[in-house]
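Note that the chains take the letters A, B, C and D in the order they are written out, and that residue 1 is the start of every chain.
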Amino acid sequence: MADLSVKMAGVPFKNPIIPASGTFGFGSEYTDYYPVSVLGGMSLKGTTLHQRAGNPPPRIAETPAGMLNSVGLQNPGIDAFLAHELPLIANEDTVKIANVAGSTIEDCEEIAKKLEGTAIDMIELNISCPNVKQGGVAFGVDPKMAGAVTRAVRKNTTKPLMVKLSPNVTDITEIARAVEAEGADAVSLINTLLGMRIDINTRRPILKNNVGGMSGPAVFPIALRMVWQVANAVKIPVSGMGGVSTWKDAVEMMMAGATTVQIGAALFQNPMAPVEIIEGMNAWLDEQGIQSVSEIIGSVRPW
Amino acid sequence: MADLSVKMAGVPFKNPIIPASGTFGFGSEYTDYYPVSVLGGMSLKGTTLHQRAGNPPPRIAETPAGMLNSVGLQNPGIDAFLAHELPLIANEDTVKIANVAGSTIEDCEEIAKKLEGTAIDMIELNISCPNVKQGGVAFGVDPKMAGAVTRAVRKNTTKPLMVKLSPNVTDITEIARAVEAEGADAVSLINTLLGMRIDINTRRPILKNNVGGMSGPAVFPIALRMVWQVANAVKIPVSGMGGVSTWKDAVEMMMAGATTVQIGAALFQNPMAPVEIIEGMNAWLDEQGIQSVSEIIGSVRPW
Amino acid sequence: MLQNEKLEKYLILKKEMLAKSCVRLTIRCPEIAKKASAGQFAHVRANGFMLRRPISISEIDKEAGTIRLVFEVRGKGTAVIAELNAGDTVDMLAPLGNGFTLEKGKKVVLLGGGIGTPPMLEIAKFYGADATVITGFRSASAVILQDDFKKTGANVVLCTDDGTAGEHGFVTAPLARILEEGNVDLVCACGPNGMLKGVVSLAKEHGVSCEVSLEERMGCGVGACLVCACKSVKNGEEYYARVCKDGPVFNAEEVTL
Amino acid sequence: MLQNEKLEKYLILKKEMLAKSCVRLTIRCPEIAKKASAGQFAHVRANGFMLRRPISISEIDKEAGTIRLVFEVRGKGTAVIAELNAGDTVDMLAPLGNGFTLEKGKKVVLLGGGIGTPPMLEIAKFYGADATVITGFRSASAVILQDDFKKTGANVVLCTDDGTAGEHGFVTAPLARILEEGNVDLVCACGPNGMLKGVVSLAKEHGVSCEVSLEERMGCGVGACLVCACKSVKNGEEYYARVCKDGPVFNAEEVTL
């Protein structure tokens, strides 16, 4: 049994595997399958200051080895989250990550303040949701805006702060450096890539929102490249995600420079994916005689 | 039999289907399978001013529903192309598109001049190859540079000029508008998305170039979204590509706004793909009672 | 250590074609059968595809430890699932979602439209002679399950849009007649949206409680991803409920069709 | 109207396991068999995967209209191809690339390393008693095709790295002995890079012409995409040749291993 524990932004994780925000609800939907305490951590559904209804359905479309979603950050708002959702998982022995989304800097500050003193272990500031019209994505594609919102949240929280980056940019390292400079303790990437599908019979986009965020195995090579670039551009740790569905993918992500690995769309095909990835990774480390998973982080040797 | 002909940038195509640059050599490799005269056109391998050796192998890696390549614009140079390759296809009854790549504006101008008076019907100016270190991609990610190289080539050619855009940007419409403003007669998109794969046993990137360009069905939703955005942002026609492998994909592309559709990686799985797409599209148009394929261009009705 | 019977692959005991491109699978899955109730669904893996396909549970045999799924080949995923044969295994998550109200003594009308018909069968078995089953199909060639419904002891009415079998017309015509007669406690329906709208408005008109099974594109199937939204009302406020977890069976009052 | 026999799916007549995870398929494809020559390859579709897998043609029976492919399960794609059975069809493009020099009367030494052995069989059939076949494998359990080679009338030498069968050691040892004896016109080799290097340098030392079959990851397989690059020399200038079209068989002089 290899040592699977890693430390990210000062937070100890019993293993590097974390269900990704938006794919794991508020942490109680998969308890029929396994206790969340087997997970390194869990990133909860993106939460805004006020309740959000989300986009009209259909909100999902299938693509080759991937999917599009246009949920649009449906959530009950931070107060309802703190009152009704967090208590259900507060005592779970896993790292609880709040995914924070705001359409203004003030919203983000406000949410951060409300999270102070709660059971939340870490904030993941989502500046990259492609599915909401105002704000959100605008923060993620401009280094100045990304820096500004990071600075604002940093001032209002004592919790470790991770910033979640958008892949829909020309140079993701620029954004990563901007948020690092403003006090982010970690970055997570990638959020979804903007995509579209059309129903040729109705001549309508399949998604009612016309476009949506692409994720799943199809995006893995893009995510891996970005994780590698960002890990080489910043000193803070990286939480890697995008298309990870097997333990081999997770090992690639870590070799590219990720300290933790998040699992999103793969859950829909196989709810056991996070557990199978933890087990598979462990078996591989043992087979390779590697004592601690942290040895493989960033271990890829470029040509 | 529906009317499959379309006109793009003043050039008549007998049908909208074009093998994409870099996947169809200089047009003679697939003649065992079908005469190129059945194709709407063909976009030839990217050609530079001087011969280019390309990147060291391995140059290809498989990904879920896609692939990465890092050929790096291996080509014999424009003079050798004109002397040895073009004569072999000069009389073929299909639109012959030269794919022009240069690491400097001067190179691009020079190549454009050399193409004057040749059998080439159209220039596709590639400002988006992610696999060459200097130049190339730098043009494609900056609207000013993209505009400048377009203007320079425009001045030096009387041939219809199409500019090929990179998807590795924050806002592809901005680049599209920049090249339109400088005299591009059409835009083509998308080129490949930058990706990576790692061999976990050797801890080395699979590609000797470390990173490579991703294409194939996996990228289709991203390509479709960009084609739709660009078609709505510019007045010049769009040649759509990226992951098209079936006639249905081609119809989606055209509904999103593409006047012609290019087929790349799909050829590797099925050399007959372009022909099957032409036939499938024709059958569908007949079944739908649509007289001319041009009726479906841009016909998607967003919600 | 971490095992869950929901995730095993289950043996297909029998495969039947009920109509052209309409398949019935009988699947051995004792633990699922034990828990399942009428109206719940299975989330079925289609090999080579990213997303699972939701299919209603049509019948449950707790003693034999089997359930039955009836589905139509619509697109590529259902086509792949339809290639499975007896002896193969199927990967499914089940039972998921909420079922219909089952309360002995109630008089019910069950309405199924097309491929919305199969889930009505398990309810019909429960209510027997207390149920009237009205099913509607495009045409005679699409009609399925009539003998199965008759065996439940229910009163069975068949309609086709083109009159090639049973009554000519939609299921709403016989429903209106039966509601006129009175003595109905509950209406349960599954089928295309247009049909559901008609059914719901008739039930409302007659002040009869009504439950509908809805369809929406799904991701997780377990309530975690919020993609399967349907417009609902709670305490007078509109919000998006989850078809997979809050449904697929809803009280007609709760949802906006 | 636009048909090409290269693109049909071809019937698998026979499937054999030659060693653990080493499969031989006998495939009916008269047009391909007619054109094919030793050293060419087939580009085989692996269901569910983007890229085809190149597999050398091991034997050609022009009269029976069949070819044989021998391959090892290495990764996911070959695993999927290995699931095909007699009676199934296989989707392949063939014959592709250039073959080995076949010139009656020459004395040849054929070297195969591991899964590089199969393409040597068709050359051995051509040269018969004029050929010496030296094949090398990791261990006895990996040895394949020895009886087939013996049937060709060739002089057959077997080596294993661990000495569990045949000579203990690499194929270069017997090759050195035979080259010492002289009377060799041509050396043909296929196998891992390390082995090829050894073979090429021995041949060079003895001034004997040498042909090698190379491996590189492939896209199109027909020369159109330039991904299958191998470093080559033409007129003193280095350039990247295409393994699929300019090879896979190269004169050792032309390529840098």
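Quick notes on this structure:
By our rule, a contact is a pair of C-beta atoms (placed from the backbone, for glycine too) under 8 Å apart; a residue touches a chain by one contact, two chains touch by 3 or more.
Molecules present, by chain and UniProt name: A, B = Dihydroorotate dehydrogenase; C, D = Dihydroorotate dehydrogenase B (NAD(+)), electron transfer subunit.
Just so it is clear, the structure is predicted and the values come from calculations on it, not from any experiment.
Listed here as common contacts of subunit A (Dihydroorotate dehydrogenase) and subunit B (Dihydroorotate dehydrogenase): no chain. Grouping the chains by touch while subunit B (Dihydroorotate dehydrogenase) is set aside gives A, C | D.
Of all chains, the one whose CA centroid is most distant from that of subunit D is C. Subunit C and subunit D have CA centres that are 57 Å apart.
Distance between chain centres (mean CA atoms), subunit B (Dihydroorotate dehydrogenase) to subunit D: 36 Å.
In terms of their C-alpha centroids, the spacing between subunit A (Dihydroorotate dehydrogenase) and subunit D amounts to 47 Å.
Along subunit A (Dihydroorotate dehydrogenase), residues 61, 63, 65-66, 216-217 each make contact with two or more other chains. Taken as a contact graph, the chains are arranged in an open line, each linked only to its neighbours along the path. The chain pairs satisfying the stated touch condition come to A-B, A-C, B-D. Against subunit A (Dihydroorotate dehydrogenase), the residues of subunit C that register as touching in their complex are 2, 4, 6-7, 45, 49-52, 77, 93, 216-231, 238-240, 245.
Within the complex formed with subunit C, the subunit A (Dihydroorotate dehydrogenase) residues making contact are 22-25, 29-30, 32-34, 38, 45, 53-63, 65-67, 69, 71, 74, 216-217, 265, 267-272, 275, 279.
Within the complex formed with subunit B (Dihydroorotate dehydrogenase), the residues of subunit A (Dihydroorotate dehydrogenase) that make contact are 61, 63-66, 68, 141, 168-171, 193-198, 200, 203-205, 208-211, 214, 216-222, 224-225, 228, 243, 248, 251-252, 255-256, 299-303.
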